[in-house]
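Structures for review follow.
Each of the next two complexes has chain A plus one more chain, namely chain B in the first and chain C in the second.
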Partner chain A sequence: MLRYSLRRTAQMVVVVFGVVTLVFFILRLASGDPARMMNPPGQQEEIIQLTREKIGTDRPLMVQYWDYLLGLPQGDLGKSFHGGHPVLGELLKVFPNTAMLAVATILFSSTVAILLGIGAALRANGAFDRLVLVYVSVALATPSFWLAIVLVLIFSVHFDWLPAIDMEGPKSFVLPVLTLAVMLTPVLIRTVRQSFLETLSDDHIRAARARGIPEHRVILVHGLKVAALPLVTLIGLQLGMILAGSYVVEFIFNWPGIGKLTLDAVAGRDFPMVQGGVLVAALAFVIVNFVVDLAYAALDPRIRMSAK
Partner chain B sequence: MKTKMKTNRWKLLAAFVILTLVVPLAAACVPTQEPEVIKETVVVTEKETVEVTKVVKEEVEVVVTPTAPPAPEGPSGSVRFLIAENFWADWDPYQHTAQSQGRIEGQIFDYLVDFPDTAAPPVPMLATEWKPIDDRTWEFKLREGVKFHDGSTFDAEDVKASIELASGATDKPSLTAGDWIKTTVEIVDSYTVRLVSEKPFAALLAQLQDTIIVSAEDLANNAEAIKSQPNGTGPFRLVENEVDRKVMEANLDYWQGPPQIKTLIWEFVQDPDTRLAALMAGQADAIDRVPPQHLRVISGSETLKLISVTGIESVNLFVKPGRLPLWDENPAFREAVVRSIDREGLVTGLVQGASAVATSFLPTRTLYHKDGDPAYTKDIEAAKALLAEAGVPDGGPEFELWVASGFLPRADEVGAAIAASMQEAGLKPKIVTTDLGAMIDDIFSEDGTGAMYHISWSSNGDPTPHARVYSASFAWYFGDEELQRLIDLVATTIDPAAREEATHDLQDLLWKQLWHVPLYNSDFSIAHSAKLVGLEVRPNFKTLFYQASITE
Partner chain C sequence: MTDLATAGISPEAVAASAPARTHTLRQLLKRRTFVIGAAGLTIIVLIALAAPFLAPHDPMTQDLGKGLAPPFWAKGGSLDHPLGTDTLGRDVASRLMYGARNSLVIALFAVLIASVLGLVAGLSAGFSRGWWDSLLMRFGDVQLAFPFILLAIAILGVISDRSAVHLILVLGIPTWILYARVVRSRVLAERDKDYVLGAKSIGASRMRQMWRYILPSVWSAVLVIAMLDFGFVILLEATLSFLGFGLTPPTPSWGSILAEGKRNMIISPWLAVLPGLAIMLTVLAINMTADGAADVLDPKLKISVFRRTPLKKPANATWTDLEGRAAASTRSQPVATKDEMGPPTLLEVSDLSVEFPLPDKVVKAVRHVSFDVHRGRTLGIVGESGSGKSVSAFSIIQLIEPPGRVTSGEVLFEGRDLTRISNYDMAQLRGIKIGMIFQNPASSLNPVLSIGSQMVETIRLHLKVSPAEARDIGSQALLNVGIGNPQAILSRYPFQLSGGMNQRVMIAMAMLTRPDLLIADEPSSALDVTTQAVVLERLREITREHQTSLILITHDIALVAEFADEILVMYAGQVCEVGPVRSVIDDARHPYTRALLQSVPRAEIESGKRLQAIPGEPPDPAELPPGCPFADRCVSVMGICRQVNPSQVRVRPHHDVACHLWSSDKDEEKV
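And then the complex of A and B:
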């Protein structure tokens, strides 16, 4: 197990290094000189050059890259081109906001998925099941940016019930979480429904019923325990979707998280901040995958064997 | 019996589901205060939109006097202003040329003089009076009793340190030096200075309205600290300096009396829909850069107000020399292109607000503006005749017309409309839609392929900084020596009558030569809650909250 963990850790470092390097060079080789972006179009060359010197993009590309790599292990992610704010400090400031949004979304979406998925499975091909499948189809086809705007117009502008933007107390979670949940729940509901349908025909369920265990216990204890397992794995794998979705949602709801910080930085060619945002996303991906892999390995000895 | 029990369990489960979903939502949705009445969106006609603009212009012309009485009960309330541009820089003085940063500096710092009306003489600010000594020298009497936010006293040393740094007269590089002619400062006494420029500097007074006055002590000993903690003499002092949010508090010792707002927040919110939603939901008090598609929504609301001004910003199709030889060599071809475009249609149909068809290469609110003749209205037959005269009756070669999506309002649609007009005359534009970064790279790249670029240039209202963009210092210069001579003449002619004449000559030449395609002067619209009064918006994009207050 230790050997397997070490191997996975080494892979994780390589992946993060690859992402960091790729993003570093793509940003600089793709279009958009930040010094020119920070000046009016057509600004004099000497002013542009002074701006480059100020933000450090006048140095050779490899020198910039080497400095960046040297800083990484020390937690020095550079300073924002816009105002000189340390990137790490800004990321640490907003990361909890994104994490809270992600956790709230996962909790809400899982609850909805379990309830609707089980309900649909118990009445497979019935009216409720069909209704749930309609929801799944509609939700899958609904763009999150559109839904977010519609929700704001209804609940914030028209009824004035909920905040339109910002993170200010529990009420401000409702619309962003709903938007993300509509994106996340379809695949979760389908998984729970399918898993539950299979579980209901398992021997242990039949045995439980034969032992005279009340039906609600059979469903909620014996059935759910087994049926929820794929859901746990799926949520781990869906973290990427939540992160990607949170970029759009944070942008629209002015949510002070990693997504908004990164998108604002992209618009202004603030390279250090974009690199920081992408690094956090990459770390989140690989760490979750790492944990999922370790959990699998712990549960299934065959994984460890194959790793050898 | 068992079936009935099972049914009851399912009813319970269903109730549980409903409660789980609905109760938290309902609980969260209960309003904690009386909902604000927002009027339904009303679709108005074009004519009505124009009328709204007129009313708003009257509002803009309410001039803020320097002797505004302080609120008797002191500053109160908080105002949140959502702006559309990043805060590009830190607070290192004169080390940026970003408009957004300059606008916020106007709340924290003061200037020697101010121009409430860009086409009228300046009014006193930190300087109380001034007079020219000779062609290169101006003497300024300074205001006494002014204090910086840290409590230190403003005097001539601060003016000397600030002006010399800003104008590039010191060893330290300055990004604002391009707007200046090197100027040194002689201190006559603690409250009298003489500004001596290397050569006659006609735009000196105009440039002073953009040059913040910083403490000499800070520049000498606190250079690092003031990058994050600016220390001005202005009506507000910075108390929070986040990446996307700047929080300011009223300066109770402000020499004109404290502002009426206690807390002023400027926050960058990139998405215009988000800005509008926040304003309509009462989470913002003012929003920046209202796009054309939102103007009707706001003008149809009783709880929101709109301030639209015609900005001192020329939106042109800037043409890159050398990319389309026919353009560089043939005046008839250039005029044919201009004649093919329905500029009036762009303004009324797409850009809207207070935008106006360009009648000169210097915007309407620029000092000594003069309407060009002819008006270059759309005339496809004339354009075709001009193409024939240029020797290209078939419209000439294909050329790339670049538009930056998301930069100027409705850039994509404006580009498409222009291309359609050109094609009507037989021209062969190829639209390239991209983002601003890619466009700027193409302009300056040796391998760039674009010929025309839909971009803008803004200034403070003086002809010199505006005309500079057409000069040899910039990428848009076609080697027209007469043009450069006139630009230099306007920059160095002190006598007002002679300068006016030179500025007219310059505009006539630009209008005749048509090195670029004049399109329109931008709309600059700010929407705000009806509760916010006294907000001052100027055509040079200055947005001042000193006299603003929140009313019930």
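And then the complex of A and C:
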């Protein structure tokens, strides 16, 4: 177990380091001069040079990179080019908003996926199953940003039931979570359905029935305990999709989260902020996947015991 | 990318694929999803190609006076701008058509780049199998470990003048790994196959091997992944354009049209809705095409959304329909009545038939089977796999896997017909009055629940006791089946116990409620020989002690000879011979029973080999003869055997046999 954790940690460090390095150099090589962009057009060269010195882009690239790397372990992610606030503080301020959105999405999506997946599997090839499969294929083809707009047009503009933008109270979660759920549920439903179909034909399910265990317990306890295991891993893997989706959703719904912060920073060439946003995303992704793997082991005694 | 990577395309799933099959267009055209998808896709591509001729206006021409005109069906709309205009007065229909060109071309080239990169990487990795292979695959792992769209945004966001080439590279390069993994595993699976090794030995060069033998099998997989990737890239490109990281304006693409439409979505919602619909329909058409194609081109990929789940064939039923005449003639009579045999009858099965309707045929797994089980006695049911013995047993407790169903007959248990009682009443009987133990003890226990929690659950289901009391009862029950350290076993999981231990747990659980009837389906065949003896001995002791009737289902006639009081021999879903065990063993009348007995030189022989001693195979279910199903393997076959299925005749007290050798049919010659 310890060796496994160490290996995974090393792997996570490599991934995060790679992503951070890649972003660092891509930003600086592919982009124009941020100092020039921060000044009005036609500004004197001396003033632009002063800006460069202020934000530190006048130094050689490798020096900047080395400084950045040295700062990382101490939690120093640099200062925003705009306003000079420490990047870490800004990230921590908005991180809970994205995290809440992600957690709400995962809870809602997995509930829906389990209900629809089980329902479809119990009557495989029946009318409900067909309906669910139609939903899955249409949802897979639906662009999330477009769905968000359609939802806003229907529920905010036409009916005026839900707020269209900003994060204000529980009601404002509805549309962003719905949008992300339509993105996430197709894959989850498919997995639950398939895994449930396989589990239902397992010997132990039939044996449980033969022992007189009531059908609802057979399905919800004996079936679900086994069938839900793949779902746990899948949700970890899908976190990347949720993160990517939250960029879109935060952009549309003006949600003050990591995604919106990063997009704004990209548009304003605020390099340290972009790096910070990507770093948070990368960290969240690898850490959650690590936790998910541990959770899987905890849920499945076959893995838990053999790891001891 | 994350989506595709986790959608079920695992290298393992495709590693074992067969070599390229010859697939025809006809097969594809049979798939409705493929036809609909391909037709839709063709229309979309044709519209995109013909945009210069079809578009009513130039997509870039601005006419500020005509800004935000509604589409023709709305008030104030006109056919001059069928789908209205945007803020700058540009024709939306024309922009959508030209936008399709950009979206499709970008996606097409991105997919081309990805598939070529992936193909080359996968082939070289699979063939080298050395450091190059591990380097590529580790790199791929790292890349898959991070959602690439975030990097794509960062990269594209800082490029100020984005052309189609930038988008193609950013969207195309990252997905190489999806192709590479599948290609690599195909190469690994193919390269050691006989025909490739054969080509090597006759001196075919590496390149020729690749082209001649391996590419064809890789090709279909790459094609299917490419189609799915295509739809995914279109979505991704639209997303990037929408976020403002797509083609630099004013070049239209679906995502950028939508992004522009978003600004005026309150006044002119169609500006945002229409391009989204175009994207959705396109991706849906692509996915349907890919799905339908995957079924035919590469079923091993298992990516289908639309495919109907194939109905599982029941493991023990491979029998096709017999003609009604033949089936009707096998109708048998109950073996014996209560007064004839000592103990009273507990279970009376008469004229039981079970069918499994499959899409293309109806499998008749059990045909007109009758037998009795007496209180405190053991009935052994013997037969090969597929003889219907297990299905008969499952139909007693109404646990036939759907779509199987009982089509005729009744199962009388203490005077109640179990085929007609409600599910609720049946559940009350299961586990209380009728217990069952199964062939694979390890897989018949829930793998993620401890032995203790499964026992406690079962006990508390039937007895109103606290969990602690239930644990004590469970512990005592384990002691009764000869488990010396019950407390330790209770906290274990099934995978931690040996097969024999698991089976004893199963017996203990089944016997918890002192059932009147215990059904044991091949209780010992998954165990090794020494354990078999122990488990069966326990089974015998505990059933004797509680006066439990036992149905012992097995393919092992020696076992039945030793443990059963009565014996029922089944073949092809029907009864061959039935009677008291001594009578049947000492004076077997049916040629099949005799063959079974002759193939057992001694009692403790390795199971499984025995039945192969009977020459021939069970009849092909597709070409089942109208007469006796055993006729082709029978040493005493007569003319009538191939025409009329024999009915049961009594040959000795309580001893019946279904064979023309003993029936009067052969003299009557009725057809």
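By our rule, the second predicted complex is superposed on the first by the 285 of 308 C-alpha atoms of A that agree within 3 Å, B and C clash if a C-alpha of one lies under 4 Å from a C-alpha of the other, contacts with A are read in each partner's own complex, and residues count from 1 in each chain.
By our rule, a contact is a pair of C-beta atoms (placed from the backbone, for glycine too) under 8 Å apart; a residue touches a chain by one contact, two chains touch by 3 or more.
Please read all numbers here as calculations on a predicted model, not as lab measurements.
Student: Evaluate whether chain B and chain C can sit on chain A together after superposition, giving fit or clash.
Tutor: Aligned on chain A, chain C clashes with chain B.
Student: Taking the superposition on A as described, I'd like to know which of chain B and chain C A:213 touches: first, second, both or neither.
Tutor: In the superposed model, A:213 contacts chain C only, not chain B.
Student: Is A:52 contacted by the first partner chain B, the second partner chain C, both or neither?
Tutor: Neither partner.
Student: Return first, second, both or neither, reflecting whether A:40 touches chain B, chain C, both chains, or no partner chain.
Tutor: first
Student: Of the partners chain B and chain C, which touch A:26 in the superposed model: first, second, both, neither?
Tutor: Second partner only, chain C.
Student: In the overlay, answer first, second, both or neither for which of chain B and chain C A:251 touches.
Tutor: both
Student: Which one hits more chain A residues, chain B or chain C?
Tutor: C
Student: Looking at the overlay, which bit of chain C runs into chain B, 59-67, 329-337 or 527-535?
Tutor: Superposition on chain A puts chain B right on top of 59-67.
Student: What is the shared patch of chain A, the residues that chain B and chain C both contact?
Tutor: 31-32, 149, 152-153, 157, 215, 251-252, 263, 267, 269
Student: Mind pulling up the chain C residues that touch chain A in the complex?
Tutor: 2-3, 5-8, 142, 145-147, 149-151, 153-155, 157-160, 231, 235, 238-239, 242-245, 255, 258, 262, 265-266, 269, 272-273, 275-276, 279-284, 287-288, 291, 305-306, 308-309, 311-312, 397, 399, 401, 423, 427-432, 435-436, 438-440, 443-450, 457-458, 461-462, 493, 495-496, 506, 509-510
Student: What residues on chain B touch chain A, complex-wise?
Tutor: 6, 9, 13, 17, 20-21, 25, 28-31, 35-36, 38, 86-90, 95-99, 173, 175, 178, 227-228, 241-244, 268-271, 273-274, 277-278, 280-284, 318, 434-444, 453, 455-458, 469, 473-476
Student: Given the complex with chain B, which residues does chain A contribute to the contact?
Tutor: Where chain A meets chain B, its residues are 31-33, 36-44, 46-47, 50-51, 53-54, 80, 82-85, 90, 111-112, 115-116, 119, 149, 152-153, 155-166, 170-171, 173-174, 215-216, 251-254, 260-261, 263-264, 267-270, 273.
Student: Per the contact definition, I'd like the list of chain A residues that touch chain C in the complex.
Tutor: Residues 11, 14-15, 18-19, 22-23, 26-27, 30-32, 124-125, 133, 136-138, 140-147, 149-150, 152-153, 157, 186-187, 190, 197, 201-204, 206-215, 217, 221-222, 225-226, 229, 234, 237-238, 240-241, 243-244, 247-248, 251-252, 262-263, 266-267, 269, 274, 278, 281-282, 285-286, 289, 299-302, 305.
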